[in-house]
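The letters A, B, C, D, E, F, G and H name the chains in turn, as written, and every chain counts its residues from 1.
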Amino acid sequence: MKSEKGFCDLGFAKVDTDRLRRRGFSEVIYCPGKTRSHLKKIVQTLIKNKQDILLTRLDKNTYTYLRRSFSVLQYNSLARLGYLCKKIQTRRQGLVAVVSAGTADVPVAEEAAVTLEVMGNRVTRLYDVGVAGVHRILQNLGVIRQAKVIVVVAGMEGALASLVSGMVSCPVIAVPTSFGYGASFGGLSALLTMLNSCSPGIAVVNIDNGFGAGYFASMINRS
Amino acid sequence: MKSEKGFCDLGFAKVDTDRLRRRGFSEVIYCPGKTRSHLKKIVQTLIKNKQDILLTRLDKNTYTYLRRSFSVLQYNSLARLGYLCKKIQTRRQGLVAVVSAGTADVPVAEEAAVTLEVMGNRVTRLYDVGVAGVHRILQNLGVIRQAKVIVVVAGMEGALASLVSGMVSCPVIAVPTSFGYGASFGGLSALLTMLNSCSPGIAVVNIDNGFGAGYFASMINRS
Amino acid sequence: MKSEKGFCDLGFAKVDTDRLRRRGFSEVIYCPGKTRSHLKKIVQTLIKNKQDILLTRLDKNTYTYLRRSFSVLQYNSLARLGYLCKKIQTRRQGLVAVVSAGTADVPVAEEAAVTLEVMGNRVTRLYDVGVAGVHRILQNLGVIRQAKVIVVVAGMEGALASLVSGMVSCPVIAVPTSFGYGASFGGLSALLTMLNSCSPGIAVVNIDNGFGAGYFASMINRS
Amino acid sequence: MKSEKGFCDLGFAKVDTDRLRRRGFSEVIYCPGKTRSHLKKIVQTLIKNKQDILLTRLDKNTYTYLRRSFSVLQYNSLARLGYLCKKIQTRRQGLVAVVSAGTADVPVAEEAAVTLEVMGNRVTRLYDVGVAGVHRILQNLGVIRQAKVIVVVAGMEGALASLVSGMVSCPVIAVPTSFGYGASFGGLSALLTMLNSCSPGIAVVNIDNGFGAGYFASMINRS
Amino acid sequence: MKSEKGFCDLGFAKVDTDRLRRRGFSEVIYCPGKTRSHLKKIVQTLIKNKQDILLTRLDKNTYTYLRRSFSVLQYNSLARLGYLCKKIQTRRQGLVAVVSAGTADVPVAEEAAVTLEVMGNRVTRLYDVGVAGVHRILQNLGVIRQAKVIVVVAGMEGALASLVSGMVSCPVIAVPTSFGYGASFGGLSALLTMLNSCSPGIAVVNIDNGFGAGYFASMINRS
Amino acid sequence: MKSEKGFCDLGFAKVDTDRLRRRGFSEVIYCPGKTRSHLKKIVQTLIKNKQDILLTRLDKNTYTYLRRSFSVLQYNSLARLGYLCKKIQTRRQGLVAVVSAGTADVPVAEEAAVTLEVMGNRVTRLYDVGVAGVHRILQNLGVIRQAKVIVVVAGMEGALASLVSGMVSCPVIAVPTSFGYGASFGGLSALLTMLNSCSPGIAVVNIDNGFGAGYFASMINRS
Amino acid sequence: MKSEKGFCDLGFAKVDTDRLRRRGFSEVIYCPGKTRSHLKKIVQTLIKNKQDILLTRLDKNTYTYLRRSFSVLQYNSLARLGYLCKKIQTRRQGLVAVVSAGTADVPVAEEAAVTLEVMGNRVTRLYDVGVAGVHRILQNLGVIRQAKVIVVVAGMEGALASLVSGMVSCPVIAVPTSFGYGASFGGLSALLTMLNSCSPGIAVVNIDNGFGAGYFASMINRS
Amino acid sequence: MKSEKGFCDLGFAKVDTDRLRRRGFSEVIYCPGKTRSHLKKIVQTLIKNKQDILLTRLDKNTYTYLRRSFSVLQYNSLARLGYLCKKIQTRRQGLVAVVSAGTADVPVAEEAAVTLEVMGNRVTRLYDVGVAGVHRILQNLGVIRQAKVIVVVAGMEGALASLVSGMVSCPVIAVPTSFGYGASFGGLSALLTMLNSCSPGIAVVNIDNGFGAGYFASMINRS
């Protein structure tokens, strides 16, 4: 079905086919809570309307199901992202650094990094550089100072965002993760830490929202 | 006192005189909880080390006290900002829009707007365009679509950030305000709304933190 | 067992057989936490006392079990509602619109819509019109302005209720859903958003309570 | 200033002069956080555009100030409402009952009741009928059963809404109040009680939001 | 092992064998988190020291395991209680009423009722008399007014405790249950309701703690 | 005004004149949020209907005002209670112990103790026996073991209730107080401690609710 | 009054005169909530029983009052501590470092530092070394590595404790402060950060509890 | 891979090989969220760099997998700890007591105790001595008074830490556990109790963080 009024009405969904024109990137599909057949119809609609495809929180089995119909659909299992972009090429000039505090934060960091790559950004990854061993980040200052924008992913106490921000002159996007135990309360601890950073130059996205951070960083990098 | 190691140790404070070089803007002083004489000494130290001055949450009386010593110190009473920047001139090319939902959000919006101006950005203000009368924002789409970055300030349910973000292709920085009553819980309601926005392209700063939003927007605009 | 004093005492339950007379609709049975045999006895009691039947949160298997005894019992699997109403016919004159923000909110929206239909209302559905693409709702203004009462179902930031309310002159019943992730805290985010709406003309029911919204809307439509 | 595009831009505010046409009642002004001169200009703008006036949370001194310019402006000190409606007359046929649990809930109940009267509804008040002495409400069943819609105002445990709803066949709008102490947590206890009512037919507005309840009830009564 | 110093040290546990003498009832064993062999050793120790046995939250399978060693151990599966009291006989004169709001609250109510019976009290049960149909409780006033102490078990909004307390002259022990959905937050809603009751004469135990309510009621009845 | 139907309707209040007959004690008046003239009328109504008087949270100035009209009204400034009971005499046989953890908890403890005395109970006070110096309570075991019921008042961590309960065979009523700082969160810490006591035989009233604890204890003592 | 049983019963308080012998330091008096005359009697009792004196949260005026009776009583106004220790001398060998993140945290840091000094410890202070300018702490590593135990005081995001702990081999006691705004929620943000530190070797005391941190650090230093 | 700059970069992790030198104990590996092959590579790296091994929250199956490669790796299934320390011998002179309130707290207590033993401390265990039967702890005072530092592990109301601290002169490290039900809220109740202890000399670690408590206690014992 082709859209004439800026969206396609599938009954269960109104696919926003005007998004690419209006916002610079097509509608991104959050997969949880959608049936496989619904996802298939949405992808079909996006393809027919010449939109790029980015599917978040896509599990492996559903990807396998979708690939039967869309053989070119690509998948990153760690980031849980499915995508199909006509021209993934490094369009942006700036470099984006994705920094994570611990190894358990890597899936969320990868969701940010792959989102950035799908949207055409150059990305450098710097993982497991939490504040418990601060020499690991200090020795990599050269890398992060080259970045035009930095995504910092951290659970537990989330202190890494403040530390990084204090050493650079570019914006830092902080992603709290739900990783931790006890009084981390599903990421609330890291979220509050990041919102209350004493270092200006930090903005925060939702808990575990690697996609949102990557998308936001790409917008900055494009500007 | 001049700094040799990147900060000046005043005993009660270690003024970061390396900040301008390292981060592109001098250390910003948050005034609450500091005595007048402490503030005076900090400002003296910054001036001697050729740093710009930006004092946040500065009340009128303390400003009057400080101006006796620093006659060139400027003040914006609505934004509660004191500042002294050697060359406030429009250095950045991009336009930043500061949008507020209601009139009660204006002080926080002004804190963002004046911070942006002090840091050398061109700013356009669009106040009282909350979603209760959506024609007000729809008729101003032209203005906000010219912006390179947008700051949205809203209390109560904070829905304006999602609405604006859905219509533009630039990053939106959302500032929840503590304005509201009953179950707004001091801004928590607006904070959660903004963190959970269904529209990608939004990052959030702390409740009432107009300064932080302006600072972050300026970083984007500079890039 | 027939009731003489307004309820039937089954020991484990006191079925309110006076409800239809007193409140205009029979006692509605919330199924979770009740055994199959208890549900069967409750339905028997309601039928003997000439009450209508509405079973909420009824899972498919329990429905299959109950249909063996009550072959005329109907079921809507998406809305998880079982029902048996002697005269489902469009008794009310007003139209009720059920509006949802995203496709993941559809089950709760359907619970509201089917409840409304079982209670004899004309219903129009408008799904997936969230604020991330506001043109979808703006192009459907004609539909929602015909409604005598509107139910708005939304998770994540829940901003849709304020937007809709600001464009119409009828009451809006807002249903927060638990759909979302990170700091949505099981629907708390959407609940607070809706309670703090800057647009008057909104009242809120419990998280995911599509039935409650439909029931309340039907009461208004009847009046 | 006259509006041509549906609102008047006063700089600090964009007064919605299309509200009466679009929603059936003019924009209502929430006074806290606005300066006296801003309020005066807003009222002037509303009058020039032939809108009705309703000012909520208006304190006595500000009213005195405003009355110097608008001698016909009326005031109810208990409800903290200022108003000026060209034709306050009983336009609606239905009766609205405003019921409060305790004497401390009366100011919020009055805010609801006066809002209803200003909007042209017939109102009956029934105060101090909380569940600690249930005979008080049982002996007044006749009164509340005549109502087309009921507003129930209660703090502390907020149980009154469920009790009333269970005895009537019309919609009940519940208003939690912040009255209480200890673990009432500023009205949170009553709010949760009302959202979790076991009796269908209840919808809830924000804590202490008597105005919102009155406005919503008036919308139902008009339908 | 026999105790000489008031407890038996099993290494993993120090069984309090002085409890019956000191407090009037033996140590009650909360089963979750204990292995089967540990439970067996604890029961052995209690028997050897001539203590009564009451095991709470005992699942059926563990009971079956224990009965192999202690053939006289009794079990109530609804209340999840195992017990072995040398002389269960009606020792107390007063009657205790256990009242529940809904059928889903029955397991917690039974935990209270069976605890009371095991501790030698006369118990009357009155289930499913929630405030949505208040005539059910009003017609049973005679029963509850005979009680010397009343246990009220309710989830959702928990309003039943206030209603009952307001009609009787004996103490009411309120048990919030975790039954409910949405903003009931695992029983928090009912807990706050009961703590904030406007009716004096109510005290509250932990969420779902039927045992604690029964134990406390038995203490009152004994006095 | 004399009551014929069990209450007197003063407009702003419906005084429950049936309370003494129905519940064994007259309606108790919670003073905050009531005007002086309203309080005066309520007291007059209670006197005319031969009810006892108990006014809680009564400040000194309001008492002075009331005594002009009711010269026999008595007052306890520490407990903030006004009262007028025709026959305060020791009617109950049992002894009630009121135990407090710290000196800052004394006002709440006194509210409980004086309520008990006004209601005709023998009371013994044991103050400042918190667990930081456990020998203070251990040396007073004789006193508390004579009690038929014990009220334990504690702020901060509220551990005293568990300790006392573990050493006695009578019911313990726990009153959390809002005394404390930092993460005591206005008494929430002590409230949770008391609800989660590992020692059975404890029930809890609202934060700072000394009156409620005294009233409940009196009910037990009467039984 | 002299104590024979380990405490002195003043009625309103039971002063623990056994504390010095049992715990190594006398009972410390928390002043808020105590009347002046009560404080005076407590101090008298402590002196008569040859205890040291430490009064926390003592305001200046109350100190002035007490000094009239106890002319040797000393006072530190920043730390709000009154004290009188017979032999303040540097009894402990180890050095304790008190580190604060910002200048607004200094009063709490001073409460810790002076407590340590009163209890006979050598103390070094390092203030305003928060992570926004990490070179300030890195250049002072030599100082903090000499310490046997470190107290870290920080508000806002509280990240400093993790950073310090990661660089040293001694225990770190973290004190969250209530300094901050917006979503710092009275110190909750810093408290959660510190509890969730990814760096082992940190334990936490209550919000703003500088005294508790100093006392705990002194216990470690003594060992 | 050998480290030259203080860490080994494995891509997914940067193993801190400088930790033993810098902090006195090697980097401890928290296992959840790490794949088996990642864990294997991390252990290899630590061994090659002559670090001790301590793996926390290691489940049995993963241990079995790792032992195939590292046959000397030891395991304690109750404490869920894997370890390999070249010279586990009693290096410290002081005794550490690990005290638990109930049998359900034992796994967390064992995590603390085994951590202490692996780090070379002498440990004495005292389990199931909660305040419900206070004679159990009073009769063991001799044991705990020999300790140089005490770890107290408690769930539910967590009162044991205050009680123990009040009787000893050494530091107490409190570990709240998530054991409990109803309003224990996953350990929040015990956490708040311990933070708010009225007895000075207590510091708190995260909920269920037995490892952190053991590590911290070992640091004190070493000093």
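Keep this in mind: contacts are C-beta pairs under 8 Å (C-beta built on N, C-alpha and C of every residue); 3 or more make two chains touch, one makes a residue touch a chain.
Model, not experiment: these values are computed from the prediction.
A repeat of the F-H interface exists among G-H, C-E or D-E; more than half of the contact pairs are identical by residue number at D-E.
Across the two candidate interfaces, E-H and E-F, the one carrying more C-beta contacts is E-F. Spacing of chain A relative to chain D, judged by their CA centroids, is 44 angstrom. Per-chain Cα centroids separate chain D from chain F by 36 Å.
Inter-chain spacing, taken between the CA centroids of chain C and chain D, is 26 Å. Chain B and chain E, compared by their mean Cα positions, are separated by 57 Å. Residue numbers of chain E whose C-beta contacts span two or more other chains: 132-133, 166-167, 182-184, 188, 191, 195-196, 200, 206-207.
Against chain D, in their complex, chain C makes its touches with residues 22-24, 28, 94, 148-149, 166-171, 173, 191, 195-196, 200-207, 211-213, 215-216, 219-221, 223.
If you check the complex, the residues on chain A that touch chain C are 5-7, 11-14, 16, 18-19, 27, 30, 32-34, 38, 176, 178, 187-188, 191, 206-209.
Against chain C, in their complex, chain B makes its touches with residues 101-102, 130-134, 156-159, 162-163, 165-167, 180, 182-185, 188-190, 192-200. The touching residues of chain D, counted against chain F in their complex, run 103-104, 106, 127-129, 132-133, 135-136, 139, 179, 181-184.
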